[in-house]
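Think of it as A, B, C, D and E in the order they're written, each chain with its own count starting at 1.
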Amino acid sequence: ALGCGSSQNASSKTPSKVMIEYWHVNAESFGGPSVKQLVEQFNKENPDIEVVEKYNPDMYKGLTQNLQAAMASGKNPDVVQMGYSYLNYAGENLKYASIPDIITKLSPEDNTYLKDNFLPNVLSLATTDDGKQIGLPYSVSVPVLYYNPDVFKQAGLDPSQPPRTWQEVTQYAKTIKEKTGIMGFFMQEYADNWAQQALIESNGGQILAKKDGRTMAGFDTPEASEAYQVLADMVKNGHGLHATNEEAFQAFLSGKLGMVCTTIGKRDNFEKSAKFTVMATQFPSFEGKTRKLPAGGNLLMIFSQDPDKQKAAWRFVKFLESPGALALWSKGTGYLPPRKGVTEDPQGLKDFAEQNKNMQVAMSQMPEVVKWASFPGANGLQAEQALIDVRDIILSGKQSAADALKQAAAKINSLL
Amino acid sequence: MNRFTWQSALFLAPAAITLLLFAYWPLLQDVWLSFHSWNMVSPTMKFVGLQNYLQLLSSDELIKILLNTVLYILVLVCVNFIFPYLLSFIIAHRLNRFSFFYRSALFIPSTVSLAVASILFLWILNPLAGPLNIILSAIGLESPRWFKESGLVIIVIGLIIGWKVFGYNLILLVAAMVDVPKELIEAARLENVSNWQLFRRIIVPMTSSTALYVFVITVVFGLQYVLVPVNMLTQGGPDQGSSNLVYIVYQYGFVFFQTGKASAFAILTMLIYALFLIVKTKVLDKKVHYEN
Amino acid sequence: MKINSYRDWYWHILLLLAVVIQLWPLLFMLSTSFKTMDQIFLSTLNPLPAKPVIDNYLYVLKNLPLVQYIVNTLLIASSITLAKIITSILAGFAFVYYEFSHKEKLFNTLLLTFFIPITVVMMPNYLLISKLGLLNTPWGVILPQLADGMGIFLMRQSMRNIPKPLLEAGRLENASPWVILTRIILPLIKPSVIAMGIVFFINSWNDYFWPLLILHDKPTYTLPLALQMFISAEGGSEWGIAMAVAMLTALPPLLLYLTCQRFIMNTFMQSGVKG
Amino acid sequence: MGHCHGSRHAYCPTTPLIIPNLPTFYYEYLYAIWGERIDELMNGIIFENVCKSYGETAVVKDLNMAIQEGERLILLGPSGCGKTTTLRMVAGLENITAGTLKMGGQVVNTVEPGARNIAMVFQNYALYPHMTIWENITFGLFIQKIPIEEIKARTKQALEILNLSGYEQRKPNELSGGQKQRVALCRSLVKQAPYFLLDEPLSNLDAQLRLQARTELVKIHNLYRPTFIYVTHDQVEAMTVGQRIAIMNQGALQQLDTPDVIYQRPANTFVASFIGSPPMNLLQGAFRDGALWIAGSRVNPPTKWHTLLAEHQELWIGIRPEQCCLSDTPMLHGQIEFVEHLGSQRCIHLRLHQNGQRLLCMLPADQPIPTGTVGVSFSWQHVNGFDGHVGKNIGLPNRISHNYAC
Amino acid sequence: MGHCHGSRHAYCPTTPLIIPNLPTFYYEYLYAIWGERIDELMNGIIFENVCKSYGETAVVKDLNMAIQEGERLILLGPSGCGKTTTLRMVAGLENITAGTLKMGGQVVNTVEPGARNIAMVFQNYALYPHMTIWENITFGLFIQKIPIEEIKARTKQALEILNLSGYEQRKPNELSGGQKQRVALCRSLVKQAPYFLLDEPLSNLDAQLRLQARTELVKIHNLYRPTFIYVTHDQVEAMTVGQRIAIMNQGALQQLDTPDVIYQRPANTFVASFIGSPPMNLLQGAFRDGALWIAGSRVNPPTKWHTLLAEHQELWIGIRPEQCCLSDTPMLHGQIEFVEHLGSQRCIHLRLHQNGQRLLCMLPADQPIPTGTVGVSFSWQHVNGFDGHVGKNIGLPNRISHNYAC
């Protein structure tokens, strides 16, 4: 109500201009400039629409908080980056505008847009457990293993032969620590279980299991605990690091850490900040088993209620998903493009992908992408937290992986 | 003196209305919310009776949180109460020169925001690249993982807050120390008392009212302050290792979106505070020497 | 009163140690903000960067609407400070000057609010502010902080310390309560008011949590909120830049303190923001 | 204890009060000014059964007292006897528990202090420390919305009278105690209020300044003769400043009279031992067999005393130390305990033989003092007798006890 | 100003000091106790050129003074003259800027206060408000690790002497001013220290209590005769308590002598006008043509004064008010300005004819007082003469000016 006067004024000058809000989580050091660039470009190309971008601190958690609040006071944003791990929560709790609905109602010409442009396994990243397409996959990240070639050389290791399996990783880390005194390995410890899911599921475990139509914790299996124990052992033996992300990344960038297993989304930041050549290799596998890498990143959701705005929002989403925009986005962040053909498109990432080895590594993992487990139900977020807590328990060596995971599973099952 | 109640009401109104609306009304609402299950957005609120409380009391995190809170308070009491108490005595009564310099230099961190302090210490305490680690390794020690060890993390957070609040409390205590009549100290000096006896037998009793106040604000403000570093640095982790009575309310309310449980925790927190206040007025106030 | 002044050198050593502990992190922040990424990691401990660079500051100034943030913070902090001072003075005066039933009880009720931890009232207040449509506005931050139990306590305390005859002399002159408050009481408790105001200002300048909940729009941010953008979890930490923002955030209260240090110290010592 | 003396008189509020105890010169003065100011004579203050309690404790008990317009009345009594409370009730700063207080013929029990037209000098001056002297003095006048010209004129005059010209721009803490006290007087003076109340205005000054200030106070009073109530616990001040003195003890009025009468003929033993330094000697005596027995000695009073003394049997005989002399034909015998040198005089502390009562005796410094046992005598002219039980002055023989009895 | 009188005497620290000005009875007392306590006579205090400055301002100037063991010495002077500072230097609470302070024959300039074996009573008592009376009194003894039996015995005795038994368990703020003062005394008493310092211990008491306390102090001193330094600015206290009085002004010692000598023969005009209430009249005079001219009147001094007066030409003639009398054959003439009633006496304020100088005259209360012009005379026996320029007492004629001159 307060802003009424001024927006009326603005609309009287350019009567048909639609204002939409775009909420994202991209801080200055994390793709923020790229978002700005994209929005500017879109606004220029579409004079009838004005997109206002809005940064939300504290990643997807913070964004979800803000979203809840905004919706409670009836002020929805229009386009929102939603973390994959919030997929089910958003589907169950938030009042979104479903993309297929918008297409059928407002933009019938885009009937085949989804089918034409997205791989089914990628499209399913934005599909809830009950099969609703609540948004479009946007940023896709996969875990990779970054390493510091200088440290490798110091330790007498060959930078061109990075470790391929977890056994090798353990060995390399040990060598680095023993030869140089530098810490060997770190796996990201964000407030989520993304990388750990990759670890567990690549060893044949699973995070969630469906039993009698109910979703339950699935990680209290020998495969899961075996995988987790690999990490725990490294920490216990002193060549793996257990620290906050910020601390570990600082250490890596300053040459005090040999290998970091984290998202490709950090690529741009690493490459810019490090004083050595950051190299990446594929997420290590377990001997003889196939990798399963959860997709990180976010999907785009539309929350507009007003048809005009929905239309504008859809156009903006399509713009963001266009090869040119995706290319810019990938370069500015490190995320992989979710749709077909971007890497081959000369307008897109073709040149860049050829130049940037690290990018290639990530893209080569695209076929192995699976869905990021997302706990359903009102207590889903708390269940997620319980699993995060387990990581701290295991890595600090207080309990063996098997025991800790078993307890956590019991707790989570009671929550679900 | 004057009996114009309507006039006094006019003077009281701005403060009273604000505080009733934004301090007491929320308390009532907390009670109401704690009997419901709600996620802050959904239009429907489910009445669940005491279920939130039962869950809360039966969960094992409660013990952990209480222990963390107690540990944190202990650290704060040491760093922000006991230590400044001793130093303030030295500054006020044992120095001839430079006491102004010490007072004002030690106060400086109090002007710094906790957000700044958190970031600053995140960097300083980096176990691999941080300056403290460099210093430690120079003397052959390995830096602990400050923010990753249960038990250690809450102490470190206490120390960060201690660093910021130390100077402010010190000034309050120095002011109280200086207020001790000079004659009393001189009378004691004529008796040839030692520094410790002087502190223990004269200074402590004479400054006890301010000391109690500082103690109370150490605890009360300490629990307000803890939110910022926990939220910025650890989000309650590792494994609830830095979670505490105050943060848990935030976590349930704004991270898990479980308003009911959050409110139940809030009510529990309030009850514990009330207990603290009762202990303070019933026990501590009795032992304190008030001037007037 | 102290005779053998040369004997206290060990106290000085102890105190200097405390000073170092207190000031070193700040010094460190200052020096890091002038270092390049390389220097940050290579000469971490060196307080004097070999070649101080102001790149970090330039980056911040270029990429952040810093002036906007400073204005926001200033607006919020000074409104809160002013409001708290005014409400505290008025209420303190009512408690000192008037006699009414249940006075002590009402006073304790208001004082107790300062014991209520923020998280307890956070959720309901958040809902209230959002119902009022004040999310994302400075008013949402300011409104719940218009009064302060502690302030009322302090003001009542310092007004009580005014010799009663001064007020009575005013009453004999037939001065109205308002005149007595503004012409006699306020000038007398000015130091306490200022000391209290400084504490309020520093606290609300540095306030992080409540603004974090209320302000989501980048243009409405306060400085401490801007600061956290630079350590955002997935973005990695650009320490030089983060320290530069930290410096800029810390600077205004720090300068305020350093310039009127003597005054602040003295008023604290005399008026004692204390019980 | 607790009996009121000399003030329960009928009076007629519209005509000037005539209080029987006033010395002649005071009546002369009253008559002298009646001619011009007869209508203002209303500015008297009358206490009628005034009581004041804090909670359970009665602080002022059943006070009856009439203060004449333009009079200088002193409230004198030991610490805590209720002087300040009485004064504050007049000012309206303390409400009255029971009884009525009339000022200028009007009951003022519930009148606001600001409306009572009172100037008051507080014990510690109560100068506003943040205002200059000039602002301190004119503050009240500005509030009364008096024209600025008038304010200037009055203030200038008052500053001159009190020798404060040139200090206008100073702050109170740049002044000495004596100057502060003058400023406080000045502030009250410019109000030209018909009532002037002073609460121990000199108690913070040193001896020399006090001497000087006393005369100033009297001068000021003479300027426009307001009704003047002056609280003190210093007898010398009371004696030198007061036209009449009201002596209080434990909230009750003991005696209200001129300084001379109070000194010479105290109304009861409390007044006798309170007034005078060193105080009056009070000797236990009994009238038996037509003679007075003091400390085992038989003392023969003049015959005109006989009937009076016989009425009381148990008695206190009061004699001022300076009325005692060493004598070869002594009435009492005692042992010298020690001698205090007080400059011009010496104070001899005696212990009477037989019952060991103490007796003080003031002698000129140059009179040689024997050692050991001495004899003391006194003249009956200066003797006061007090009832042994209630402590009241029994009056003088053969005279109408008009000006000191109860 | 600033000349030291009567104290630069040679002395030998190992034998008892003999100070020429001491009155005879004091010597008697000293000799009487030498027999038993000759070794303790060392507990005297000697100031040798002691100076004290705060920054630039000299607060005590070149003080030379010897205080005898067991003596009651009074430090007397106007406010701010440096009395407290002097006392605190003795206690070691203030360090000495220049000069040496000797106690018991030892230089103590740098000795810690706790090591000086001093008991001190502070002006505002400095009782520990959080301790009971008992704890207050025994605190120092416990610190000294005196056996508990001994502590109990001493404290009980002291409490009895000072009439405080039964108050042991109270806190100081539950006591009246007089009781607090007694507790402070008690606390110092139990220490049985050889030095006893008191800083205006009675200044907060009212007149009656003060009277009583003075005698108590003397009694206490007599109990075990410590060296006693007593600071006051009240003359009466000084006169009654002191065996000798040191009068200070602006940091400099003015006169050190017995009360009698100081009262009768003040060493200079400062002392003359400081001692006595009302103070000594000082009349400007000049000796010309074999006669003294005061206020234009010719006054004929006795011939034995002539040579002495002739040495000084410009003079101040000092006469105490009580030595003046109204006379039919007056030496001076004046106009009565006003009369103060002081109970037993009246103080007549005169203004002399011719040069308008003021003269006070103290008369007994019962002497009738004429009005208007009166004549005043005085006896030369009581007159003091002071040099018109430096203000020093010129001494008495035909006698060796042994005990009051400078």
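A few notes on this one:
The rule is short, and it goes like this: contacts are C-beta pairs under 8 Å (C-beta built on N, C-alpha and C of every residue); 3 or more make two chains touch, one makes a residue touch a chain.
Since this is a predicted model, take the numbers as computed values, not measurements.
Highest C-beta contact pair count among chain pairs: B-C. The most distant chain from chain E is A, comparing centres defined as mean Cα coordinates. Rounded to the nearest 5, the angle that brings the Cα atoms of chain D onto chain E is 180°.
Averaged C-alpha coordinates give centres for chain A and chain C that are 39 Å from one another. Between the Cα centres of chain A and chain D there is a gap of 94 Å. With centres taken as mean Cα positions, chain E sits 31 Å from chain D. Spacing of chain B relative to chain D, judged by their CA centroids, is 59 angstrom. Under the contact definition stated at the top, the residues of chain A that touch 2 or more other chains are 69, 72, 191, 246, 250, 254. Across the assembly, chain B contributes residues 1, 40, 122-123, 129-130, 186, 189, 254 that each touch 2 or more other chains. The set of chain C residues that touch two or more partner chains comprises 1, 41, 127, 212, 225, 228, 230-231, 237, 239. Only residues 37-38, 40-41, 63-64, 126-127, 130-131, 133, 135, 137, 212, 216-218, 225, 228-239, 241 of chain C touch chain A when the two sit together in their complex.
Residue ranges of chain A in contact with chain B, taken from their complex: 61, 64-65, 68-69, 71-72, 93-94, 183, 191, 241-244, 246-248, 250-251, 254, 256-257, 378-379, 381-382, 385, 388-393, 395-396, 398. For chain E in complex with chain B, the residues that touch the partner chain are 91, 93, 112-116, 118-120, 122-124, 126, 128-131, 139-140, 143-144. Only residues 37, 39-42, 122-123, 126-130, 145, 147-150, 233-235, 237-241, 251-252, 254-258 of chain B touch chain A when the two sit together in their complex.
Residues 78-79, 206-208, 211, 218, 233-236, 239-240, 259-260, 263, 275-278, 320, 322, 338, 340-344, 362, 365 of chain E are the ones touching chain D in the complex.
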